[in-house]
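Same chain, two partners: chain A is paired with chain B first, then with chain C.
Our next item is the complex of A and B:
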């Protein structure tokens, strides 16, 4: 790609007691790309994404995100990123618009700008009729698109998505990925974890984690040719299964 | 700074969007005042008395009617059998026995000292002591009257005696409502801080919404401040409501300055909110918070001196009370409302409260982690 790295991870280790969740991870993510972070459940994806977004401290290693050190300057990282948790976490007892105003305000956006973007966002999602509805009454697909839009409201340099499409139907997933493409096209780097392998095919580059280690990294094509597989799913099945587990 | 306003707005929206809490927040203090103030009283009225009058003389009847006339006592039983009387006491039919021995009137007439027997039910020690206090007061009066009339009979000039005039300052009628009310006001404000604010933060942990906040550049002090301000406002409004109810319904006197009372309560609330939020930073579920929070609340409340005078607590308890914000507000409320104390009189208490408020708030901010 030849682009500039916005995330640089070197020898990242995260331990919880005796358990090593992230075992010497090293990778780069380049500006404007969609980076897929794959791995089986419990492979250590969420742990890594939490460190990258300043929610958790690395045990050792160097992590730089948007030019800041994750161990020493997590709050500066937070200014430059957007984040969408695995669990839906907008306020259900607030309306769509109130949630947008709140997060716009927290990121220090001027009121006028928040209003404008709120209008744009609702139009783009064809949500205008729901602006004053409480989140609690909205279907999951809507909520997730909204959560994503709120995560990029302040136009961060990078947005982290932790299994953003868990539990939604194929149509809503498709629409969600269209949003991701639009966002990446606008220059925001997208860092997404998933275990839907069809989604992995949409990424510019992917990494596959297994038992806390990155076992493969590259474009979907590179991985498929290296592992002589027809799809990313096949690659994943070949390498991501823990060796000692026999089913 | 602007960030705080957005966060505070969000808290208010959430509080009033909750149909129950939005209303209860103003109804509960009123109901609390109406129920607690008149209910929690140490006043003794209508003590059930069983009289064993073995004398049936003019003198004995005079003594009984003097006791009855005081409104503290009500003769519910009369008997001549000591056994029956003790039985009544045992079955909780009466709380006080008055045994007047035969010959009481005659002895009185002859100037021979008489012995009265007055057993009191002391299951509730406080109650028993008060009852006994009232009984002995009435009997002393009876004695004095008797002495006065006797000296007249013998034609002596009045025996010189000390005449004690006592007055209950700041609460002349010893109205327990006046004593309880300022205390209940403190408890009211404490409950708002503890239950609402503390639970609010833990609820965000449980529902996961706090994670989305933690990943923003919001400052820790901003988040904690936004959790405090709405409850401070609500607490002070509730305090005003409580005082209004107290004055309208219980004719509560308010001798001091309202501003001083509100300033003190403002500081007290910050202290209580600080402790509550501190507790919520190390608990993860609402259940955990309630358990830990209840512990603090009960200790704060029962040790605060709302029921029992601080001065009669043991030394170690008084030491603990140095860190108990409720103990300070209890004293401040009573002094300002009943005595009309001014800032100079309570500045020590206000300073201590301020210190507790500062320390607990700083602890809450320090302990709040933007990583979990």
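Our next item is the complex of A and C:
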């Protein structure tokens, strides 16, 4: 693991009126690692990921992503990151190839390069037969892998995945994580939020958020030994669930 | 720029691959034009006509017979004096009253001219105009016959037309300006708000926002295709009304297109504004139809003349941009007036456009927060 930080967050605060969504977050994410960003719904994960990807401005604190300041240079950040959210971000009425060409074009890649990478990508995913099919007719797991591949098509330094595996079966999830490993091995940093605690075990390092604060950060092994738990899920249950919440 | 071109191309693909969009874009405007047009140009047959003959001579009998036997009109009775005209029209017993003044035949022979008055029910403008032109044609026929047979060659029957209730016949061909106004709002506001909210619903908007595309490029990428398609629609409607119904644009075509573009721009920015408020496509459709289409149809002067609205409605109508566009179109297309007559309305439309553009860009930025 290289120790070069590609994301540096110091004392990040984001307020919406009186509500504090991110309360003095500080953490680093290192080049080429898979960083799991965990937390219950409403813990402030989405707010943080939006700030990191240049969509939203921090209220205070310093955020540097891929060497650029999130408050002052969000446009430069956007060129250096990939992004995939729960809803996949592919156009259903466009074919696989048209989607690839579109996103490649949006990221300013030359047509020739897009075509080359499009071919490679389809080969790697064994999707070559489906290049001219509309997305609408393809199964969910298939679309997910494609959406991920499109998000890293322009070879960004960091890719943000916001609950990428929601709603798919365990087999498709396993395959998806294989793609994530390949991507990280190729040097792209992966920043992933997830609900599934078994996925958290796959990460190099994880952080757990609760009520706007980071309450734990480290490798899965470190966290398990600190909290004397058998799994990340147990750690999560011990610390992330606020005491006053009843279900 | 290359990024942007691909983005615009994608928008065209969306449009051309969706049958529903294509129908809304091209089939509905054409159908509406034909439908409205044929409703307006119904065939004239057996229109009930009453005569007020104060002269009762050979000539008036002859003309009355000619009119009654033409097939277009049906003699529904004779009136005794002017006081009966209003009652006859109001009670719907007749649609047209023809008046021969006193000494009609004698005037015609001695002075070479006599006047025939036509009073029609202007609340049915189509019947009224057609009836008038048919009667004028019959009068012209009589003229020719007289010129051929009589000793003095310059005998003339001059019809003098007066319409009651709606003297200027304001809704003649009104459907074309109204239709263009309505369809432009429909396509520009509805389609842009739907396509933008669709991106939100499908999650593709997030992907676009985190991409290096600037918000203004995302908006323009949506606006440009619809701008051109709306222009094509305007051409389609004007061509159809010309070819099928013979409505010619009397004023400057150049001015017409400039005004149409201004209006399209305004409607598009309205659509963007709606999309920033609406979270789903259903909401966008609802807001556009209830907030945009209904008032346009009912209050902009498309169906009911603004002049005849009660005070409160007139105030509501005053804040509806389509109202001004209808006036502009009417002036250019039907009256043939120039920019000097519509500069006020144009300025108001322009201010609306600026307002909506500024608001929509601002709201788009706010949404990113």
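To be clear about the criterion, the second predicted complex is superposed on the first by the 243 of 247 C-alpha atoms of A that agree within 3 Å, B and C clash if a C-alpha of one lies under 4 Å from a C-alpha of the other, contacts with A are read in each partner's own complex, and residues count from 1 in each chain.
The criterion applied here is as follows: a contact is a pair of C-beta atoms (placed from the backbone, for glycine too) under 8 Å apart; a residue touches a chain by one contact, two chains touch by 3 or more.
It should be emphasised that the depicted structure is a prediction, and the values quoted were computed from it without experimental measurement.
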{"item": "Chain C versus chain B on the shared chain A, clash or fit after superposition", "value": "clash"}
{"item": "A:60 touches, of chain B and chain C: first, second, both or neither?", "value": "neither"}
{"item": "Touched partner set for A:78, first chain B, second chain C, both or neither", "value": "both"}
{"item": "Which of chain B and chain C A:87 touches, first, second, both or neither", "value": "both"}
{"item": "Which of chain B and chain C A:105 touches, first, second, both or neither", "value": "both"}
{"item": "Chain A positions touched by chain B in one structure and by chain C in the second", "value": "53-57, 75, 78-79, 81, 83, 85, 87-94, 98, 101-103, 105-108"}
{"item": "Touch list for chain A against partner chain C, complex", "value": "53-57, 75, 78-79, 81, 83-94, 98, 101-103, 105-108, 151, 160"}
{"item": "Touching residues on chain A, where the partner in the complex is chain B", "value": "50, 53-57, 74-76, 78-79, 81, 83, 85, 87-94, 98, 101-108, 134"}
{"item": "List of chain B residues in touch with chain A within their complex", "value": "2-3, 5-7, 9-10, 13-14, 17-18, 207-218, 370-372"}
{"item": "In the complex, chain C residues that touch chain A", "value": "2-3, 5-7, 10, 13-14, 17-18, 202-204, 206-214, 368-369"}
